[in-house]
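Order of writing sets the labels: A, B, C, D and E. Residues in every chain begin at 1.
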Amino acid sequence: MAELGPVLEVLLGGLMSGVLYSLVALGFVLIFKASGVFNFAQGAMVLFAALSLVRLSEWLPFPVAIALTIAIMIALAWAVERLVLRPLVGQHGLILFMATIGVTFFLDGFGQTIWGSNVYQLDLGISASPWFLLENLFPGGILVSPVDVFAAAVAGSLVLALSIFFHSTKIGRALRAVADDHQAAQSVGIPLNQIWLIVWSTAGVVALVAGMAWGSKLGVQFSLSFVALKALPVLILGGLTSIPGAILGGLIVGAGEKLAEFYIGPAIGGGIEYWFAYVLALAVLLVRPQGLFGEKIIERV
Amino acid sequence: SAAETIYYPSLVYRSGPYAPNGIPFANGVADYVAMINARDGGVGGVKIEFEECETGYATDRGVECYERLKGKGAKGAIAFSPLSTGITFALTEKVAVDKIPLQTMGYGRSESADGRVFTWNFPLLGTYWSAADILIQHVNKIAGGLQGKKITLVYHDSPYGKEPIPVLQEHAQRYGYTFEAIPVTHPGVEQKAAWLKIRQTRPDFVFLWGWGVMNSTAIKEAVAVGYPRERMYGVWWAAAEPDVRPAGDDAKGYQGLALHPAGADYPVHKDILKYVYDAGKGAGKREEVGEVLYNRGMIDAMLKLEAVRNAQKIFNVKVPTGEQVREGYERLELTAQRIKELGFEGLITPIKVSCRDHEGSRKARIHQWDGKKWVFVSDWIEANNEYLRPKVEAAAMAYAKEKGITPRTCN
Amino acid sequence: MNALARPAPFDQPATPRTALAVHNIEVVYDHVVLVLKGVSLEVPEGAIVTLLGANGAGKTTTLKAISNLLHAERGEVTKGSITFYGEEVHRLSPSELVRRGCLQVMEGRRCFGHLTVEENLLTGAFTRKDGKAAIQRDLEMVYSYFPRLKERRKVLAGYISGGEQQMCAIGRALMARPRLVLLDEPSMGLAPQLVEEIFEIVDRLNREEKVTFLVAEQNTNVALRYARYGYILENGRVVLDGPAEALRDNEDVKEFYLGLSATGRKSFRDIKSYKRRKRWL
Amino acid sequence: MIYRETGQFRTSYAEDQAIFRLREDRIGIAAILAIAWVGVPLLADEYLLRAILIPFLILSLAAIGLNLLLGYCGQISLGTGAFMAVGAYSAYNLALRLPELPLLLDFFLAGLIAAGVGIVFGLPSFRIKGLYLAVATLALQFFADWAFLRVRWFTNYTPSGSVTAPVLDFFGWVVDTEREKYWLCLAFVCAIALLAKNLVRSRLGRSWMAIRDMDIAAEIIGIRPMHAKLSAFAVSSFVAGLAGVLWAFVHLGSWEPLAFSIDMSFRLLFMVIIGGMGSILGSFLGAAFITILPIFLNQAPAMIGIRLSTAMVSHLEFMIFGTLIVLFLIWEPHGLARLWQIGKEKMRLWPFPY
Amino acid sequence: MAVASAPVATSAERAARRERRIGEVLLAVENISLRFGGVRALSNVSFDIRRGEIRAIIGPNGAGKSSMLNVINGFYQPQEGRIVWKGRVFTRMRPHEAAKGGIARTFQNIALFKGMSTLDNIMTGRILKMRASFLEQAFRIGRGRSEELRERAFVERIIDFLEITHIRHVPVGKLPYGLQKRVELARALAMEPELLLLDEPMAGMNLEEKEDMCRFILDVNEEFGTTVALIEHDMSVVMDISDRVVVLDYGRLLADGTPEEVRNDPAVIEAYLGVAHG
């Protein structure tokens, strides 16, 4: 039993950090699902949202700051739709991807100009001190971080809400139609502009949540945008188009990489966390080329 | 006119992921140079022409900046502080060709302390090997001997983070502690596995060789696994305000190496506030003057300008060339008296650079974050040069051999 | 049904209004390729008008210009005007146009491959606001037109056969309950029976529900049988237009589009190795 | 009509298949080559050579490598940096461990080793497609970063893990001035660009493009997808590997694994997309856009006499750069190369609009 | 524009020539069944194609015609049945095997390489005929050069033949639908196939273009002796040019015979033709 303690602890820790990856991956999924755009700017949006919140909350009450930040993210969505996506309707996915890179650069510069490049502390008022569970079973107990639990809860409910929203409304169907074929979607009267505004706004709000979770952990600073890289394997593993996939992918990647780092890492020099998630994703893809929950890739002549 | 100015290029990173650390440093440099210009009319009566170039901590941009700025001014740039290990590596060979000294205060390659091989490099005040040695000396003292203790190094997985490992490994035998090194991959936002391991092995001390976001994350994770901050020690690049601030109160008790104190109540600060900030020309905010990295930038600038002053004296010129500044560095000696004149009393200890020894001084103190500011918990500790010097020389010779350099002889 | 979208017969003026007027438009692709060189046409409300012409004449381009879908292909209307019930089309987004009742069935099917057949049909009803029941009713109506689709309703549209996709695309358009439908080669890839059926449906919708149609078609024979008026495009210009009967009786059209020469229909086997194409220009 | 096609008849297929069919094009390219080989080295100062032109040339080479894979064969790769790293470290180890080999051969062998690694990491492309494939190559990227840090043998057990290139001695020609380095890079770039151009307009290139445009149809006309994809991976990583060698040996001199990190891979991807997928010329234009433009933007305020804080300048640089990317894509989604082509088309029609 | 030099012959002469040309069984599909999940796309279908004939496959939408072609050239793998190709038996064909063995095809949903020019598209059809080594191609020496010229000349003949000289250098993505179909045919012809599978080659064409297309198909068939299997919904075309017709309905073989036989078959009229047509 005593040996099981550490395993459980690592597993739990991994699952928790996996949820944090999922939060970022979720933003990617939303936008990809709705437009076939792989949004490179998701990381920059996480940073931008968190920065806005932190700086606004310096002189506004926290709830007001949150509301204002959401408004800012919606404005951003509007600008992106208007200035970037609309003129590029119907272009190849890679080109849209490149355009979001332009957005990334812009946001990086813009965010730093108006909000500054320092580190800011984001205090959500949740104690960072750990809980120790089941101390009677395991020596030292199983360590759980309350921040992680909070993040997990938020992520879980977010996924649930989004799944319901996108699956049981006609918007959900329209989203998938748009992702399949912009032009045909337009031709049946799906308003691309509104759809994209909705989705990018939602992704902006998701970015804010991710920014809060990660920002309370890392401090709000430029490096927040790097967490996007950690979300990539999660995204791919779960399938680019699946909201539940983002969560599940996150859990698998989180737990897998922590266990690997912990138990395999020392044998081959450590730091394998760095690539393990990708290799894991690769292995899954070899079996299921569309990820665990992604839409089937149609091959037909 | 241009003929009458000293050209001082400053490579900075005021944007991007490392900006929180880069900004105070760059401000310290800029303010100090501005103060010298305003107060003394420059160095030796010659105005300093100051220019910044943004590297964003990226090597190729750093190289581009260097190339762009190195030939500017009447006699070219006086010296460069690349402020990044990657840029240092990329420039080490180029400066030898261009004949411009490379000042790497508190970073860069440890073996470059050997001036016979690394003619143009000046890792002033201390290398990472010195840092590792000083830390071990300190914990050895407070633990009353390290026999049977456990020390874990959590390091940034890059040449920077790896530098101290050989010293810590060798010391493990000498002092009898067990040593473990855990890499953290760039940029260091995920360290859960590392800290869960620490929770299990429960080392007596954790050394932190991190950079940027990795440091604050490490502190947060330490809190999350319940590792006491009092037993964590950061290197001097992991013990400044941006490293502890995001962790808030949780960082209380965290300790680190200090090449110099924090605080703005030294004479030089008064001058800076008076001549620069009162004139409304400060590079940063008034209340940020005196932060750890700010002071470090200030010292970096001061040392560079002292080398210039030295060169002016030696060669009796108004504007020295890079080659002459190198001489100025190599014969740099800051006595306690001189340090006092400069207004740096208490900030640094005397320095003496020589042809053999480009480090000049290898002392640091330990300071601790009390939740609001850094306070000293130790006196100056000097690295053990009898132990380090042979190591430095061996590594430098290996480099010389690889590159086909014949080391100079110093007398 | 939808009172808004479809004016009741009694407020129709004696002479039908113009549903669609295209006035002398030029279309340029990629900033350099001039494809339409001044096309004008008019579709009266409640009519079936057909647009004929060889491959590359510019039929698809004309229809896309009308429904404002050129944008995604880097095409642009550089000259002229298009009005839908008197309103300039270029001020309306494609979805806005659909909401006002002008809808295009695109060439080459363009079903949403990752959606099931039924979902595809339902996307057609995106702009409708008249409630689930009405949509369900229309769904059943489409299924009654195309029983084959009902069988395949749960299959991803990407996997169904070409003809089934064509039905799906037409059905999807009908789900929107449009006032004006731009049909781009509806008969392509359909079995002969179905071609007739499609045109029957067109005719029925036209008669019973007063839906206006502009049909680009290669199957001249059928098209001229059902249409009231026709335009023949050649190289980006309208070269001939007139009432369908007149076109059918035109000697050139007879020979080159209907394959009826003085001696009657020739077998495909006996076509001479080459013959000069009819050029009106 | 400055650009005149009329009156130039191509009377054989050989003529019609020439790279530059028009006299104007041939004159233009000859002028560019003359400027590149003679004019630039004579006129450019050290800054221009060392900080701008040499990196530009090497990155163009790497971009050509990626373009072969992405632009021609349609396989998205985010591992170009890793292929460059493989090239660089292979050449380093070859030079170190087999000093008797001539350096040029080391370069070539390093390219071949990179090609081998490319083939291995191209294997998943058989099953995995599109964006999903990008992850396979990312796995390589991260794995390579890790391996070159971790496996000490690669870095000859240097304590810090950074290594230094040997003296560039090509059969007695010691390349040490910037001008010589520039010529060296230029020679490699010209040669590889020509070979690449030849490849893409022959059978192999056509089978890559077929796979890119529609792999199923390609298979049905007898192209073996695996063979085509792997050969694209191999050639692409050979070129990238060679670029890596140049980047390490000629540009940096000494380097750490970070020099070939994911950032490098992304930058190359940007170059290819902005420059134009499926265009050799586009690789050059893209490399120029991504490397030179930010530097220019950084210096622009000072040039026009505006004094701004360093931070402001660099933030502006980011914002303007991002905006320009979007603007260029909107203007011409198919990249700069295409823009150039349309420009030529317009010149042909000039003074008429169409 | 060059004009294809097909001889003009009377229909009686042609008919006689055809009789002589049609030879042994080139390809036979035997008891093929193909299912997708619950859908039976083909159930127990058998028929053969003889050398030199034009074989039409007709049937309502979704009958399994395209699927049949996919089975023949190896893109779909039937659950049951076998294919006999020139005497060799395959339980499953592989696409490149089929291509090597001389089966070429066009697709219902045009499957051209959109980013390439017409010429390059057709040149891809010659890939199997080219042998130059990697280095020869890279340096454009030896076979890398000569082959390129030789094949170009060959392809130009096809381009001339199909009258698409003016669009040689146009990217096919920009061509109107009908021309794309023609380019697709050109690409298939470039493979010098023994069996040419055409999936609705005349969809989306007007009469004149259909006439052209028929002429091309007939010429290919007569000039080069290429066997053609053709799916088409235009009955007048099918009745006029095909030698024998297979009718599929919901995956089953409904009828097989000469055009006249099929046209008068009540089952076929019921399932497919409806009112007498053409």
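Basically, a contact is a pair of C-beta atoms (placed from the backbone, for glycine too) under 8 Å apart; a residue touches a chain by one contact, two chains touch by 3 or more.
Quantities reported herein were computed from a predicted structural model and do not represent experimental measurements.
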Set of chains adjacent to chain B and to chain D: A
Required minimum of steps from chain B to chain E, each step between chains that touch: 2
Far-end chain from chain C, centres as C-alpha averages: B
Pair of chains joined by more contacts [C-beta pairs], A-D or D-E: A-D
Chain A-chain E separation of Cα centroids, rounded to whole Å: 49
Chain C and chain E, separation of their C-alpha mean positions in angstrom: 29
Length of the line joining the C-alpha centres of chain A and chain C, rounded to whole Å: 43
Interchain centroid distance [CA atoms averaged], chain B/chain C, Å: 74
Junction residues of chain C - those touching two or more other chains: 33, 159
Residues of chain D touching at least two other chains: 146, 149, 216-217, 220, 311, 314-315, 317-318, 333
Chain A, residues touching no fewer than two other chains: 91, 108-109, 112, 117, 269-271, 274, 301
Chain pairs in mutual contact under the definition given at the outset: A-B, A-C, A-D, A-E, B-D, C-D, C-E, D-E
Partner chain D, residues of chain A touching it in the complex: 38, 83-84, 87-88, 91-95, 97-99, 101-110, 112-113, 117, 229, 232-233, 236, 240, 268-272, 274-275, 278-279, 281-282, 285-286, 289-291, 297, 299, 301
Residue ranges of chain A touching chain C (in the complex, touch as defined): 89-91, 170, 173-174, 176-177, 179-194, 295-296, 298, 300
For the chain E and chain A complex, residues of the former touching the latter: 66, 70, 75, 107-109, 111
Interfacial residue positions of chain C with respect to chain D in the complex: 28, 30-34, 74
Sites on chain D touched by chain B in the complex: 46-47, 50-52, 55, 146, 149, 159-162, 164, 166-167, 251-259, 261, 263, 295, 298-299, 309-311, 313-315, 317-318
